[in-house]
Structures are given as structure tokens and as C-alpha cells.
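Listed next: structures, encoded as C-alpha cells.
What follows is subunit A paired twice: with subunit B in the first complex and subunit C in the second.
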Partner chain A sequence: MTYALRKLGMLLLTLWAAVTLNFFLPRLMPGSPADAAIAKLSQNGPVSAATRAAIEAQLGVPGGNLLEQYVHYLQQVVTLDFGVSFTFYPEKVSDLVLTALPYTVVLVGIVTVLAFVIGTLIGVLAAWKRGTWMDTLPTLGGSFLSAFPYFWIALLLLFFAGYVGHLFPTSGASSPTAVPEFSLSFIGDLIYHAALPALTILITSLGGWILGMRNAMINTLGDDYVTFAEANGLRGRTVALKYAARNAILPNLTGFGLALGGVVGGSILVEQVYGYPGIGYLLYNAVVNQDYPLMQALFLMITVSVLIANFLVDILYGVLDPRTRR
Partner chain B sequence: MKKFPRRSRLLSLVAITIATGLALTGCNIHIESKPDPTIPQDTLLLAADQGSPMYQRNFNPFMANRRIGAAYIYEPLVIVNDVNGDVTPWLAQKVSQPDASTVMFTLRDGVKWSDGKPLTAKDVEFTFNMLKTSPTLDLQGIWQYISTVETGTEEGNQTVTVHLKSADVPAANIIAQTLIVPEHVWKDVKDPGTFTDDNPVGTGPFELGNYSPQQYTMNRNETYWQKDKVTVKHLILPATNGQLAMVTQGYDWGYMYMSDVEKTWGGANKYNRFWFPPGGVISLQPNLTKAPFNNPDVRQGIALALDRKQIADAATEGSMQPATQAGILLPNQQADLDPSIPNGGVITQDVEAAKAAFARAGYHEQDGKLVDASGTQLSFSLLTANGYTDWLRAASQVQRQLSALGIDVKLTQPQPPAYQLALRNGDFDIAMGAYGGLGSQYQDLNGLLNSSNFRPVGQEAPSNFERYQNPAVDEILAKYRTSLDPNETRELGYQLQHAMITDLPVISLYYGGSWGLYSENKYVGWPDADHPYASLKTYTPTALLIFTSLTPRDQTEDKK
Partner chain C sequence: MTSTTTPVRARALRGALRTVGRIASTIWSNPRARIGVVLLAIFILAATFAPWLAPYGASQDGFERSAGGSAAHWLGTTAAGEDVLSQIIWGARVSVFVGFAAGAIATVIAVLIGLSWGYSRGFGGEVVGFIVNLFLVIPGLPLMIVIASYLQNGGIAMIIAVIVVTGWAWGARVLRSQTQTLRSRDFVTAARFAGDSSFRIIFREILPNMTSLITGAFFGAATAAILAEAGLEFLGLGDPTTVSWGTMLFWAQNSNALLTGQWLLLFAPGLCIALLATSLTLINFGVDGISNPRLREGKGR
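So, the complex of A and B:
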């Protein structure tokens, strides 16, 4: 019990540190939101002084000294009210986040789970059949694929499967004319549009799971209890899954917890390449436009989910592995 | 165990071959435009609006992040052609200036809002007054000129008379370009400053059709006051349209920079056209409060040392030309140019003359470096914004060409917001910057040169970032502001051009383009170099000039 309480205390402390950093970091960036808006406008032509004044007034550039802003910000964090976005003025930050969140959570979430399950299973197989082609192919392919920058894979897929092959749509999360409803055709449309981004993330993240699992598994395969199980004449599959894999999965499970926490952050580059309306794209827009309210809300969400995922993994570890409880 | 390494070597070989193959074929694939066959002939596909990546529904025409479609729904009193400054009366059939501080707009008869109500002088008055009470929407700053607004009638026509705070003739066009909104809809809006105008009611040629966060359509306004001139029946505006989409998906009109435009856009379809008239002047803006840039000889030396053709080619892949030093855009504003200025005011590279100018400023060459009397090398940092790749290419050229003379140039490229901040605070040696392109010589140069926009270094300047102060130029601008005589303003324009050339407050390099792409597949009558009646910008009221000029292309020739 003290173990869980200690972890909870750590969680709260880290949370406060993260929240505070989250406030100060964006403000260290030079220039103001109005500067960012003007910079965008002035690419099309000169911007008059009057326009600048109007834009500053529109964005309601934060007043007061840093301390006042900080206190105000803490109130916002507690009440989960992040005000109005600068970039998408006059949209509310909470509305923007709630619109983008489902896309990211479903796309990145499902793919992360898939990649973990498939990758881990392949890793088990590779370790069990080590030395055969069933080991060489996934191990080599895994390290090969995970070495690719994933935006590059994204661009390749986009170009060949989208523009040249016309197999998949090139951007968006659904057809422009599709009506959001709970129907087979709309869900099909969503899956069709998510195919390329999903494939990109799957291809590039699979390798890590395979290698991690394989290496941990090879270690456990050398342990005495595995040899003992084999000597007892247990079936191969039983030994592989129930004895070796079960013990080897701990490090991968930690990674999985962290990856799940990171899901909320989306996949900035992939969403950017495919124009996918998720959190990653929103975050990119917020940073580029110095949209403090939006940035704060998004960073906070990401930090909190990573911290909570970490906390849960810690607790889970305590249950799975009695040694950590000490 | 021996066979595994060999096998893995084989595998990597295969993989590398595949990857190289992909990369190589990628370079050679020719992309063709595949227009969507479900889009009918009377419908234009526009790359005009950009969601990020989805649209927010906001058609309030006075907001910086409105939907672009608002420009096809709401109309101004007059439209100024941003290419050459020509004025077309629009909702006002006539604009008169009885004296330099009064503007009278005579409204057009028979203009209706899309809900059937007639446009009245009260709507115009209401719009102006609303911009006063909601100053955040006054993007053009019309209330820095206006004193009062009154409505009246003249010969049976409704009029709106605007009294200015002081004599200011050029202000008339700024005020006249205000988009007019209907009083009967907007008067009930509690806070126009946050109003998103979801269901816009305007006088323009199009009405909002189907809206979704990824695309909206617009339909022709069947009660439009010049409906007979509008033959386009529908518009489609998708939220995502990058260069690749523009080329492959059969767009009819877009406004974006396109690399290697003749091969990419032009090569994709035989009806694809482009027109890149100058849209602004990209220049070196020296900080005139700092030595040695406050020395005209140093500016002269830098100006003469540069090969503008090379800079323009590097920056724009050959699309744009070297710019005149006269402070205007050529050939757009050829009519305004003083004919006595040689070579149209374009400074050509003359290294010997540049060295002579530097010598006058007290610099000489020593061990391949240009040094002053104390032996210190002439050295400065050149500020440009990160991500503006054309500017960066130009800046690198400037760096290369000046270092050939022994000048040390360092490039600094902060993120755009930080670049803006540095520019406004005067926190730079020499900055890359754009000016011009409003179509009006006075407006372009007043912002650039008027000392009323001067602020000391460390204070934010509204414009005039190079911090130029010249009482003689201020006087020319003041006269220009109060003159109703076109002959006099032409003469004053000449004087401004000479000031730009002799004083070099900024050093013009090349023209920034106005990147118009269009297709003659469905419609003809687009503006081009021979018919410069508008630029191809999709987001300004000049789009209305284009919509009222397009006619369907004769499709019978396809069947031959």
C-alpha cells in the first residue's frame, strides 16, 4: 500500500512540475501570437499597422505580468477551461481538442495495440525458431524498417499508393461529402482513409516490438526452468507461451504502457503528411502559430496521459513482479 | 551457423536494390491531371481555402481567419485591381470627392441581399459604424481616417457621405474597399467581434451551399445584380490542397507557388495555364539608425555589387524578374513610372562603381577583405525568416556576391514570429523584407517611407522598419495626400521614385510573385499578362472581377 502511495505522491509532484514547465516554455519562444499571425499574412503581401492592431485586439494577447498569468493558468488547469484559441479564433480550445481527439485515439490507439500484439507474437516465434528463416527474416526486416524515418515511409506510401496508384485517398479522415453517421458505409469510409496513415505507423513501429520481444525471450529460453519444462516433455507451444514468453514480456509491457500514454500526442509527422485531422496536426498548428492556449491544453493532455500511463505500469509491475514492491 | 550472415547479406542487397529502384523511378514518374468526372462543366474546383486540416465554420468577412468563400459572398463599394491600381465601381456606382476630406458614394440601384431584401445606404452606414464599435474587425483601419458618416439622396439615388478627419485623398479607396454587411442580419448580433456568421447573407455572386469541415460548395446567387455576367454555377472548395493535389486532381483555379511550374502544372494538362505578375518587391532593408548603413555610399555600394538577375533566378527558379529601385512594380505600374528614369530604374551590377562607392565611404581592400580606416572588415548579419525558402535562396546569393567583394555576411533565420518581432523592434543590421503590391503607389510608399511610422530602435514600429526619416519625402507624401489633381499626383509620384533611387532607403532585389494557376478546360476569360484586369488571388475582392469575366469554353472543338 505504501508502495502505491509513494508512487501517487511522485505522480502529483511530476504533474505539478510538468504543468509549470508547460506554462513557461511556450512563453520563452520569441515573438507573440500576433507576430505569428502577421508573419503568415505578410507572406501574401504587406500588412498595414491598422491590421496589426486589429489582430492584436482580436487575439486578446494575454495581459498582466507573468505571475498573474500563471495564477490564471493554474485556475484554468483545475477547471479544465483553456479559453479561446488564437489560431482558430473564436473557437474554444476544448471544442478543438474534442474534435481532434477521437481521430487520433482511434487511429494511433488501434495501430499501437496491433503493432504491440503482432510484433510481440512475431518476436516470440522468432526466438522460439531462432536460427531458421523465421528468425532471420523478421529480425532483419524489423531492424531494417525501424531504421527508416517514418515520415519518409509516409511520403513514399502517399506518392505511390495515393497519387500514382490511386489506391487510397491522399488526405483527410473521410470523404469530403460523407455525412458523419453510424453506418457501415461511413465507417468503411473512415477505415479507407485511415489505411495509409495506419500502415505507416504499423510498418515503422513493428520492428521495435519484434526485436525487444525476441531478445528478451532468447534470454529466458536459456533459463533452467525452460530446460526443465522441456525435459518434462511439455508441448513446445506450452513452453514457448506459458513459460518463456510470459516472463520475457515485462520489458515490452513497460514500453507498451508508455506507447499508450503517447497515443494521445498523436503522430505529428504522419498526421501532417496525410492531412489527418488529429491531435498531432493540431499541435503542429498550435506551435507554428504560437497559440498559447491551445499549446498549453495539448501539452498538458499529453503529459498527463504519459504520467498516468507510467503510474499504471508502475502499479501493474508491482502486481506482476513482487521484487519491485520492496 | 555460417549460412546466416550470407543470407542476411543477400537480404540487405535485395532491400537496397528495391529502395534505390523506388527512389529512381520516383524521379521519372510523370504525373497527370485526372479531373474528377463527377464534377460537372459548370462547376469550378478551387484551391482557394485551406483548412488546418479541417475547416472552422466562420464566414465573418472581417476576421483574419475567415473562410475564403466570404470574399465571394460579401462585396465592397469599389474594387481596386491590385495589379495596376485601376478602380472598378461596384456596390457604389459612383465615388466622388468634392474636396480632399470628403468622399461621397452613390449606391447602385437594384442590388439585393441573398435573402431578398434591398441594399440600402443604411446598410453601408451600419457597416462603417459597426467597425467603429468593434475595432477588432477594422482590419483596414478605416476609422483612423473617418470622422463621421451620413446618408442622403442625390438625384433619386441613395448616397453615403464620409467626412474624413483631415484631407486624405488616397484614404477614399481604403474606405471604399470595406465589405458591406446587411444591417437587418447583423444588428441583432451581440458581439460582432466573436460572431462566426455561420449562414452568411451577402450581395455577392455566390451563396454558401453544402458545408462540411472538409469541403464546402457555393452556388450561384440567382438574384445577383449582374447575374447575366456570372456563368459559373457552382464552386467546390476542399480543405486540403497541396501542390500534388493541385496538379493531380483537376483543379480549375488556385493561388500557390509551384516548383518548376511549366513541367508540373503546365505538363499535367494541356489547358493548364499560369500567370505570375509581380505582387511585391523583395528587398534588403538596412537598419538606417546603425552605422555604416546610415551612410548612403555604403547602401550604394551594396546595391551596385549585386547581380539581381542571378538572385531572382535562384530565388524563384527563373519565374520572376529583377525589381526596379523606383519603388513600384513593373510592368504592372508602367503608367506611373517617370519615363526619364533610365532602364526602368533597375540597378545593374557594376563592381567597379560599387568599389568606388565603398571608397567614398572610407573602405578599402586589404588581403581580400573590405576594411575601414581602422582595419575592421565590413560585416553584417542578414535577417530572414525561417521557412521562407525563396528568401533564403536570395539571401544566400547576396551573401555569396558580397563576399566576393570582401564583405562578411552572416545569415540569421529565426522563426517567422521572431523575425517579425526583430523587424518591428529594429533589432537587425539588414533584413530581407517585402514592400508594395497594394496597387497604389502612395499606399505602398507611405507605409515604407513616412517618418510618422518611424520609431527608435527598441520600440515597435508599425511599418517603416528600416527607420527612414526624410522631411523632403514627408512633404511629398503630404502633398500627395491632399491633391485631387491627377497631373500633380503623377508628378509627385515621379519625385518619390527619384527619392527611392537616390536615397536607397531599401535596396530592391526582385519581384515576389503573385502565384496564379488556372485551367482553361472549362472556362476562359481569366486575367493574364495581356488582360491584367485582376491578379489571380483567390481571397481578395478582385476574385469578383474574375467571376464576372469568365465564360464557358467552346467545347465543340474537342470533338474534332
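So, the complex of A and C:
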């Protein structure tokens, strides 16, 4: 219990640090992002006092009182009031973010768990059959795959499976004519559109899990208790799965939280290529149009999501390994 | 004065050379790493001799637009009428340079922070630890995108800076845990009793024991830097007038190479990025073998 509380305290501290970093980032930058944002927004018509205040709290007023701005900014974060986007005027930033969030969370979440399970199993097999083709193929393939740029795999799959093969749709998260409802046909349509982005993330993130698990497994295979189990005449599969793999999976799990940040980053590029309406595509649009309020809110949202996912992995780790709970 | 320091220096130099030689031979003894070294050498040669190897200039245009592969243009031409093969060869310069520069700077920072952090046992260490962990969990690419977006079109120096800011933390953590195990060894205690300064103990006693980890951290950071640079330029966050593999893909997507069916234009730059990054990953297989004999090739369990 103290373990969970300590991790919770750590989460709150990192959350605060991330929120503060997000506060200082635009204020440390050359020029005045706030002025640029307000100038852009005024092209759409007069800027209301409330909107101006929201943008200034987020991006900074030159020469303003930093402490006052910080308090105002924290209020803003807690109430999720990030002002108005000028790319998608007059939509509110918070509404845009909340609409896009489920797409990315479901896509990245499902694919990451899939990649972890598949990659770990292949890694176990590779370490167990060390030195044979069953080791060489996945390790060489894995290191090659993990060196692939996300957006390149995305472009190639889009080109060959989308434009040339006409097997999958080339952009969007659902057909233009589809009616959002809880029906089998609509869910099928969503999966059909998510297939290529999901495949891209799976291909590029698989390699890391294979290599991590293989190396961790090779280390445990050298331990005495594994030799002892083998000397006792236990079946090879029992030794591999019940003795070695169980202990090797823990170090691999620590990598999970850190890898998640990389996958989330990669998914930005993937969503941009496929025009998939998640957080990454929105961030790309915000960056291209220099929509700073939207960009800051999205960066905060991405960071907070990754921090919370890391916290959940830590808790899971504590459940799996009693030694960490001391 | 010089008569006494010269032999000492020569011995130190010979020792350093021997360490480099030992690392190189361990890397070379691993077949996977050997493939990596050969691949990397090809890219470095292409980058160095680009003016002689490339059939045309990097931004020399005026050829037929969006053409497929032919005898005059092996990989076809871009939508602006530039030779794709020449751009690939010239583009190697940016990727190799950014990879090595950003990797080296990030590694130097990681060594400075990781070693002093691992050696100190005070409250300061806790604070540094918190900052390192923060940089580890904050997703790197989004942070890079946000910073790069504020510094509009900053070019290659800006991209290197952004990559270094987000890329040093991993190496720092790895080096720190190794320093922690080394700091209680006898030779460190002996140096402390001999009255050596902390600075000397960290950089003259502990540092030479971590050459393999530092080498590994460097190749890891360089791989990440190459991929990050390509990603940022693909999003149009670098200087789009630079010819690099990332900007080639940026222009390919913006000129609808997907619709015109120019698959070579999409395929070639990405494959080069992947091969260059793979070469560094493969070399790291050999580096792993230096610090962890269990991972060395040749013998089974």
C-alpha cells in the first residue's frame, strides 16, 4: 500500500513538473507567441477580453507578473479552459482535444498491448533457440524494423495497400457516409479505417520488444536455477516459460512505460500520413498553422496521458514483483 | 618539465589507443556488428565524396518533372525536376552529420550528468534524478515538435539543439547506475584516501571503466537523432530548402507522389534512413558484448 501511495505522490509531483514545464516553454521562446496568437485570432474578427486573457495566461504576456500568470494558468489547466483555436475557429480548444483523444487512446493502447505480447513471445523463442535461424531472423529483423521511420512505413503501406491495391481506405477514421452509432457495421467501418495505422505502429514497435525480451531472457537463462531445472530433467518448454521467461519479463516491463512515449510520438507521424483524426493529426495541424493555444493544450494532454500510463505500469509492476513493494 | 610529462602523456595516449583497439576488435568479432560497420562506412563515404559521386547537384533542377527511373536518372526526378539519386547522395551528409553531432553532444551531457549524479550521495542527487526521470517520461517527439514550432525554420543547428535537449536523459540514467556500483569499489576508496579530488576520481578513475557503456550510449543517441531529424523534417519543421532524406519525403508527400505513383521517390530516402539507423543498431550488438560477455556471439549457454 505504501508502495502505491509513494508512486501516487511521484505521479502528482511529475504532473506538476510537466504542467510547469508547459507554462515556461512558450515564455522562454524568442518573440512573443501570445502576440502572434492574438494577431492570428483577430483575423477572424474581434477578440473578446475573455479569449485574450485565456491566451495570455497560457502563452505569456511580455513584462507581466509571472506569479500572477502562473496562478491564472493553473486555474486554466484545472478547468480545462484553453481558449479558442484559430485554425478551427470558433471551436474551443478543449472540445477539439476531447473529440480527438479517444481515437488515439484506443488506437495506440490496443496496438501497444498487442506489440508487447507478440514481441515478448517472439523474444522468448529467440533466446531459447539461440544461435539458430529462429534467433537470427527475429533479432536481425527486429533491429531493422525498429530502425524504420514510422512515417516511412506509413507512406509505403498507404501507397501499396491504399492507392495501388485499393485494399484499405486512404484517409480518415470512418467513411464519409457512416452514421456514428453503436452498431456492428459502424464499428467494422472504424476497424477497417484503423487497420493501416495500427499495422504501421505494430510493425515499427515490435522490434524493441523482441530485442529487449531476448536479451533479458538470455541473462536469466545463464542463472543457476535454470541450469538446475534443466538438470532435474524438466521439459524444455516448462523451463523456458515457467522458469526463465517469468523472471525475464520484469525488466522488459520497465521498458514499457518509456517505450510508450516513443509510440505516442510515432503515432503523431502516422496519424499525419493517414489523416487519422486523433491527437497527433490535430497537433500537426496546430503546428502547421502556428495555432499555439491548441499546440500547448495538446502537448500537455499527451504528456499527462503518458505519465498516467507510466503510473499504471508501475502499479502493475508492484503487483507482479513483491520485491519492489518493500 | 616537458621531459617528465611527455612519457606520461605518451603512455596515456597509448592506453587510450589500446582501449579503442580493444573496443573495435570486440565489435568486429561480432558478425552482426561487422555488417553494421560496413554499412556505416558506405554512408560516411557517400557523404564525404558526394560532390564526386552524385551525377548532378543537390538542387540542380530543369530536368523533366516527376519522371520515373531511367538511364539518365536512375531513381527518377522530383516534382521540381531534380535528380532523386543526387539528392539521396547529398542528403547522406545531413543525416550522418546530425546523427553524429547530436549523438556526441547528448553523450557528453549524459556523461557529465550521469557520472556526477551517480557519484554524489546527497539531496542534490535526488533533484537531478527527478529531472532526468521527467525528461525520460515526457514524450520526446511531441516536445521536439513544440520547441521546433516556436523556433520557426531554424535549420540544422536548431534541429540538433532540439534533439539534444530531449535525448540526453537515457544515457545519463544508464551511466549513473553503473557509477553507483563502481563508487564503492576498492580502487575508488583507495583514490579517495590518497586525497584525490572528486573531479579526478570521477573522470580519471571511474570514467575509463565505462567506455563500453558510453560507446553504447553514443550509438543509441545517434540512432535516435537520425530518426528524430527525419521525422521533424518530414513534418516540415526544419528548413525545407535543405536537401536531406527527411525533406525529400516532405516534398514527396506535398507534391502528391502517392497519387502520381512515384514509389521510388518515397522508397529510396526512407530506406536510407532505415539502413543508416540499422547500421548503428547493429554496431551496438557488438558493443553490448563488451560490457556483457553473456551476449557475446559464438558460444551458446
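Here, the second predicted complex is superposed on the first by the 239 of 326 C-alpha atoms of A that agree within 3 Å, B and C clash if a C-alpha of one lies under 4 Å from a C-alpha of the other, contacts with A are read in each partner's own complex, and residues count from 1 in each chain.
The criterion applied here is as follows: a contact is a pair of C-beta atoms (placed from the backbone, for glycine too) under 8 Å apart; a residue touches a chain by one contact, two chains touch by 3 or more.
Computed from a predicted model, the values in this text were never measured in an experiment.
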item	value
Touched partner set for A:222, first subunit B, second subunit C, both or neither	second
First (subunit B), second (subunit C), both or neither touched by A:276	first
First, second, both or neither for A:262, with subunit B first and subunit C second	second
Touching partner for A:90 - first (subunit B), second (subunit C), both, neither	first
First (subunit B), second (subunit C), both or neither touched by A:52	first
Partner chain(s) touched by A:177 [first = subunit B, second = subunit C, both, neither]	first
Touching partner for A:152 - first (subunit B), second (subunit C), both, neither	second
Contacts of A:322 with subunit B and subunit C, given as first, second, both or neither	neither
Touched partner set for A:30, first subunit B, second subunit C, both or neither	both
Overlapping contact positions on subunit A, where the subunit C interface meets the subunit B interface	29-31, 33, 131, 140, 144, 156, 159-160, 163-164, 290
Interface residues, subunit C side, partner subunit A - complex	32, 130, 133-134, 136-143, 145-147, 149-152, 223, 227, 230-231, 234-237, 249, 252-253, 258-259, 261, 263, 266-267, 269-271, 273-275, 277-278, 280-282, 285, 288, 292, 294-295, 300-301
Complex contacts: residues of subunit A adjacent to subunit B	29-33, 35-46, 48-55, 57-58, 87-91, 99, 131, 133, 136-137, 140-141, 144, 156, 159-160, 163-164, 166, 170-179, 275-277, 281, 285, 290
Of subunit B, residues touching subunit A in the complex	1, 4, 7-8, 11-12, 15, 22, 26, 29, 31, 34, 52-54, 56, 58, 63-65, 135-141, 144, 193-194, 196, 210, 212-215, 238-240, 242, 244-245, 248, 279-280, 385, 388, 414-421, 424, 434-438, 444, 447, 453, 462-463, 537, 539
Of subunit A, residues touching subunit C in the complex	13-14, 17-18, 21, 25-26, 29-31, 33, 130-131, 139-140, 143-144, 146-152, 155-156, 158-160, 163-164, 215, 218-219, 221-222, 257-258, 261-262, 264-266, 268-269, 272-273, 283-284, 287-288, 290, 292, 295-296, 298-299, 302-303, 306-307, 310
